[in-house]
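The same chain A turns up in both complexes below, where it pairs with chain B and then with chain C.
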Partner chain A sequence: MAGPAARRRGSGPFVLACLLPALVLFVLFMIVPTVNVFRMSFYTWSGFSPDMRFVGLDNFVRLLDDTQFVRAFQNTVALLVVVTVVTMGMGLFLAAIMTRQRLRGRTLYRFVLYVPSVLSVVVIAAIFSALYDQENGLINGTLRLLSLDGLRQVWLGDQDIVLWSLAIAMVWQSLGYYMVLYMSGMASIPEEVYEASALDGASAGRQFFAVTLPLIWQNLRTTLTFFVMSAVNLSFVLVRAMTGGGPDGSSEVLLSYMYKQAYTNSSYGYGMAIGVVIFAFSFLVSLLVSRATRREPLQF
Partner chain B sequence: MRRSLVLATAAVATLGLLTGCSAEGDGSDTGGKTTLNVAALEGGYGRDMYTQVIQAYESAHPNVDVQLQISKSIEDEITPNMKAGRFPDVVVLGQGRKAALTETLIKDKALEDLTPVLRAKVPGEDKTVGDKLIDGIVGNLNTNPYGDGKTYTMPMYYAPTGLFYNKGLFDKKGWKVPATWDEMFALGETAKKDKISLFTYPTAGYLDSYFFALLADVGGEQFYTDVMTYKQGVWQTPQAKQVLDLTTRLLKYAAPTTVGYANEQDFTKNQQSILDDKALFMPNGTWIVGEMADAPRADGFAWGLTPLPAVTEGGKRYITTSVESVWVPAAAKNKDAAKEFVAYLYSDAAAAIFAKSDAIQPIDGIVSSLTGENAEFYRVYEDPSVSALVGGFAGTAPVEGVDIKGTLFDTANSIISGDKTQEQWQAALNDASEKLRQAGN
Partner chain C sequence: MTPFTKARTGRALTYVLVTAIALAIAVPVAWVLFASVKRKGEFYGSPWALPEGLHLQNYVDAFVGARMGQYFFTSLLVTVLGLVFVVAVSVPAAYVIARYEFRGRSLVEVALLAGLFVNVNYIVVPIFLMLVDWDRALVDVLPGGFFIDNPGVLSLVYAATSIPFTVYLLTAYFRSIPADYEEAAALDGASRFQIMTRVMLPMARPALTTVILFNFLAYWNDFIIALTLLPGEGKTLQVGLLNLMTAQKAAADYGRLYAGMVIVIVPVLILYALIQRRLIEGMAAGGVKG
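For the complex of A and B:
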């Protein structure tokens, strides 16, 4: 039998061999494509032909003049901010109520709120298309019933509203997921902390801000990164299914515009340049958010 | 011992992963038999007609094995292999699809020259393919995308696209289908009194047939070609302005629900407004009959198809004709076999099979054998003042961020809602056209 030192030395190749399949997969399907995105952004290429032309930073210079791109960027940022703020606020509020107040039927509420996050986006698009229908959709139909005809809107056809219609669908889809995440964080806070603060005369609101929030802070920071990613990804799928970027490009987001350029407009390199911008943008925002929210972790 | 076994297993697993990605036999020419890979879009005509035609071909050519790949999103299925260098031999796929595969290959000059097929005899018949085709269906920008006299995409099926309406409603109200734009707008006013809108469109993309025909109606075929080939300053001409004037005026009569439903999810609701007698005309294609076959409709409903009204009384009218294409990638393995197969697609036997599924090929004399609504639709070509118009924007090298179709069609949504003015529209078109012109040279 070999001694502990020998075993440690001997297990090196063994560990490596075990890791190798996963490592190969990771390099092949994660690292290589990502590097390729960066490389392709310096070329013009239609996607098929053998003639790729190196153009340096031309694609990025063009992006600055592309009003459609700027619009898509603005839309993505607007969705990111609005959806994050609303979902996080509502998620925290609901999670606090569900864990702290002994609400009747809270398992049912939790279930109902969580269901949208397991639905496929195409189903969500169909649901919201029925909700938003300008003639006999649920929203406009209800408004008509209440004789509030003045409030009726063409939810997916009005260029000033369409982005907010998408934001509502996004919030609806992700609210339950974040609520459950926050609830699990809150459930691990020991009851004594609340009892002690109650003895000191803290109200429920004070408890939320002085006890609950600081103790789930790490949890919160993680979800902020999720928000950045989902604002970029989920918005694309929803836009594809619900509006196709219309009317007239007013609901275009970064990824849908990238798809249009890379495939429909046969400008693969340009699409990849947009991909690089998305990558840098999500990376930067996540970094900034993570830096700005850094606190000394509190223990209980 | 056990450790080396694990090591060996891990190594095998790793190797297996790598080889799994690359191993695929290219089974052409096995045992003297040529394997011909045919990829086709499964459109509204279904897939049975392809299997039947291939069966007929294989029984006449026992040394050819035709492998059919057919799907409603055929681009997604064949492009991964194409990027890896494995091209199908024959592809049945037209232009104007979202994935724009045909357009991309045209821009890339990656299609095989099919001019020899036109001169070749149809297998088993005396006539050449070129002789059988109806006049004017080849030689336009659709088949000869570079305008150099060489045919790269063969016209497969053709169908008129124009304004669809409810004939029953016109009979009931005693209205006449407008022959000029003045009559059109007068009808718009009349219909308004009955709370019927003059115009709607499923999505703005359906305006392609409308604009192509209107451009030719206003400025003639040369002007149409100038626009399609991005002639310098063409969007600043009085003809271009007239096209946008007429359109802006027409869009004022658009059904109020049009823009809100003009998306992938809801466009059938715009089509439904024709069936419900809420709107009079919409641009569409002959597939609309099958697409809306199960939809509820007004009493006495019957589909009608008319070309756009003439700009001046008795003026020439064009009807945009959508043409599905068949082409051979330049990188295909069995180009000769592919060309012979393409020629066979125009044989009487194949045409009869296709026609049974309502896929009408541009072959002389085929229209007289049609029945039902199709006979009605294809009759528009019999009017001597109406000519078929084929084509679309010329292929250029891709220009980043410029999409002239989007600029021309999608802006209609903004014109209706008032988010953009006609002047902005014209300026944007001029800008996009100029950028594409520079890329073309």
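For the complex of A and C:
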């Protein structure tokens, strides 16, 4: 409800003065660019020259035959699935034992696990580049020390491995964030529910599936949307900082390919068409996931 | 096994597992901290060896040679300016959305809500081209360009992109404050502006703190917008670190890179440690406030 001021007369100029700066910035730097992404996807344009031609849906038709685009799409979906399954599983497991088992030093564990969430993606990319360094990185250096040279890999330079190396970095980055989210959901479940099910003879594992999971279901659904967003966006910034899409396009993801087209290749319109596809894709996946996981909300 | 020993082994296993995961997070970060004071020769030995001494030359190299010192101040400037901008425009907007009825209010609310779903990564290219366009239009007045390579403009863009989140959070908080305080202040003859700044703003401190912390991390950690809008010499810390990474690949100059990473990590870690303490204190105090 609006406060008392609303009923006073002559509030118009005050409201306008309060609202205008925020609205101007918002329209200028968010609405207009967003509209431009959609509009430009129907044109061919190099980005800087005045030569701009309307081509309708041509950019989208071209996408279907673009093997590099298809590959970037597959990589994004693969990262989305792998990172979501692993992070969610580990996050739920950790949150459950932290809240249920009352581990000693919980705050310290939580502190450490949440650290990657405050680091920038460039830092994370730099840390993992250091771990993965071919000669003197932590992983290969350790393997050499243990005389396990056979296990050494070119973690970021091998087409078959690079995507997994990225997935590990993504899980490392987001695990603590999701654990904290799930912990806060679980903390609100009353102890009596567990006591009651313990009286019925339910084991800790059984309680997890029969009590904890159903009661934090809404919490879980929300995080699924976050997973879709981060698979698209986090993967891009990591790829951009760590591999540049290489070797030979094997770690290209949708947004990094869009950038490549828009900047390096100066096919601005084509790049924006990719942007529209990513936008539609993440929106649709979020919608589908949200539909598929809809349940009647359970009460305590 | 008796149920008792079984429970104990289970518990021990849990500790081992959780500790292993925590180590997997902590060790890489600690490793970078240690490596940042190693001499060049030490990087070719065992990666687990502790540094032989404090080789602080790496930091001098990073600060001066790689200009991380200069970039540090650009980052600080851009972040602080961005925070000032976003608070200055979002607090009044959130306040009138929460408390005043005006035509188009629901439209504004819906638009801002939709803005929550617009990700910067998509729109930074159009923003860049728009700014290039503006510079071109102004070329007679300002031949050097104004909008590109301008930290002030970068912080405006930061502020703009976080308006939806900031207004959303503040509006919800303002709505949760009872109107009695404003009524009392109005009876005392306070103007609308005074009610907003003297009565409501101090009461919204918890929400304001949250907003500032999250936006601080977003601005300080961003590199995509900074990379695009500051292509010239005046870079931010994150972009500078990215350049160090590229340079290291060519020259194998590890010490400088690790020192650079520490320069980027440490301020955020300190801030995080402070918030963490405050978070726990806040939870303890929350029991009193209810």
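Rule of thumb we're sticking to: the second predicted complex is superposed on the first by the 268 of 300 C-alpha atoms of A that agree within 3 Å, B and C clash if a C-alpha of one lies under 4 Å from a C-alpha of the other, contacts with A are read in each partner's own complex, and residues count from 1 in each chain.
Going forward, a contact is a pair of C-beta atoms (placed from the backbone, for glycine too) under 8 Å apart; a residue touches a chain by one contact, two chains touch by 3 or more.
Predicted model, so just to flag it, every value in this text is computed and none were measured.
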Report for A:154: first if it touches chain B alone, second if chain C alone, otherwise both or neither. first
Taking the superposition as given, does A:237 touch the first partner, chain B, the second, chain C, both, or neither? second
Between chain B (first) and chain C (second), which, if any, makes contact with A:44: first, second, both or neither? first
Once the shared chain is lined up, is A:81 touching chain B (first), chain C (second), both, or neither of them? neither
Is A:66 contacted by the first partner chain B, the second partner chain C, both or neither? first
Using the touch definition from the top, say if A:284 reaches chain B (first), chain C (second), both or neither. neither
For A:125, using the defined touch cut-off, is the partner it touches chain B, chain C, both, or neither? Pick first, second, both or neither. both
Given the superposition on chain A, which partner contacts more residues in chain A: chain B or chain C? C
A:260 contacts which: chain B (first), chain C (second), both, neither? first
Touch test for A:246: chain B only (first), chain C only (second), both, or neither? first
The shared contact residues of chain A with chain B and chain C are 14, 17-18, 21, 25, 28, 47-48, 125-126, 129, 135, 241, 263
Within the complex, chain A is touched by chain C residues 11, 14-15, 18, 21-22, 24-29, 31-32, 35, 43-44, 46-48, 85, 88-90, 92-93, 95-102, 108, 111-112, 115, 118-119, 121-127, 129-130, 132, 156-157, 159-161, 163-164, 167, 179, 182-183, 186, 192-193, 195-196, 217, 220-224, 238-239, 241-242, 244-245, 254, 257-258, 261, 264-265, 268-269, 271-273, 276, 280
Chain A residues within the chain C interface of the complex: 1-6, 11-12, 14-15, 17-19, 21-23, 25-26, 28-34, 36-37, 40, 47-48, 90, 94, 97-98, 101, 103, 107-109, 111-116, 118-123, 125-131, 135-138, 141-142, 145, 172, 175-176, 229, 232-233, 236-237, 240-241, 255, 259, 262-263, 268, 271-272, 275, 278-279
Quick check on the complex: what are the chain A residues that touch chain B? 10, 13-14, 17-18, 20-21, 24-25, 28, 44, 46-49, 51, 59, 62-63, 65-66, 68-69, 125-126, 129, 133-135, 154-159, 241-244, 246-250, 260-261, 263-267, 269-270
Counting only contacts in the complex, chain B reaches chain A at residues 3, 6-7, 10-11, 13-14, 17-18, 21, 79, 82-83, 98-100, 103-105, 107-110, 203-204, 257, 259-266, 269, 398-403, 406, 410-414, 417, 419-420
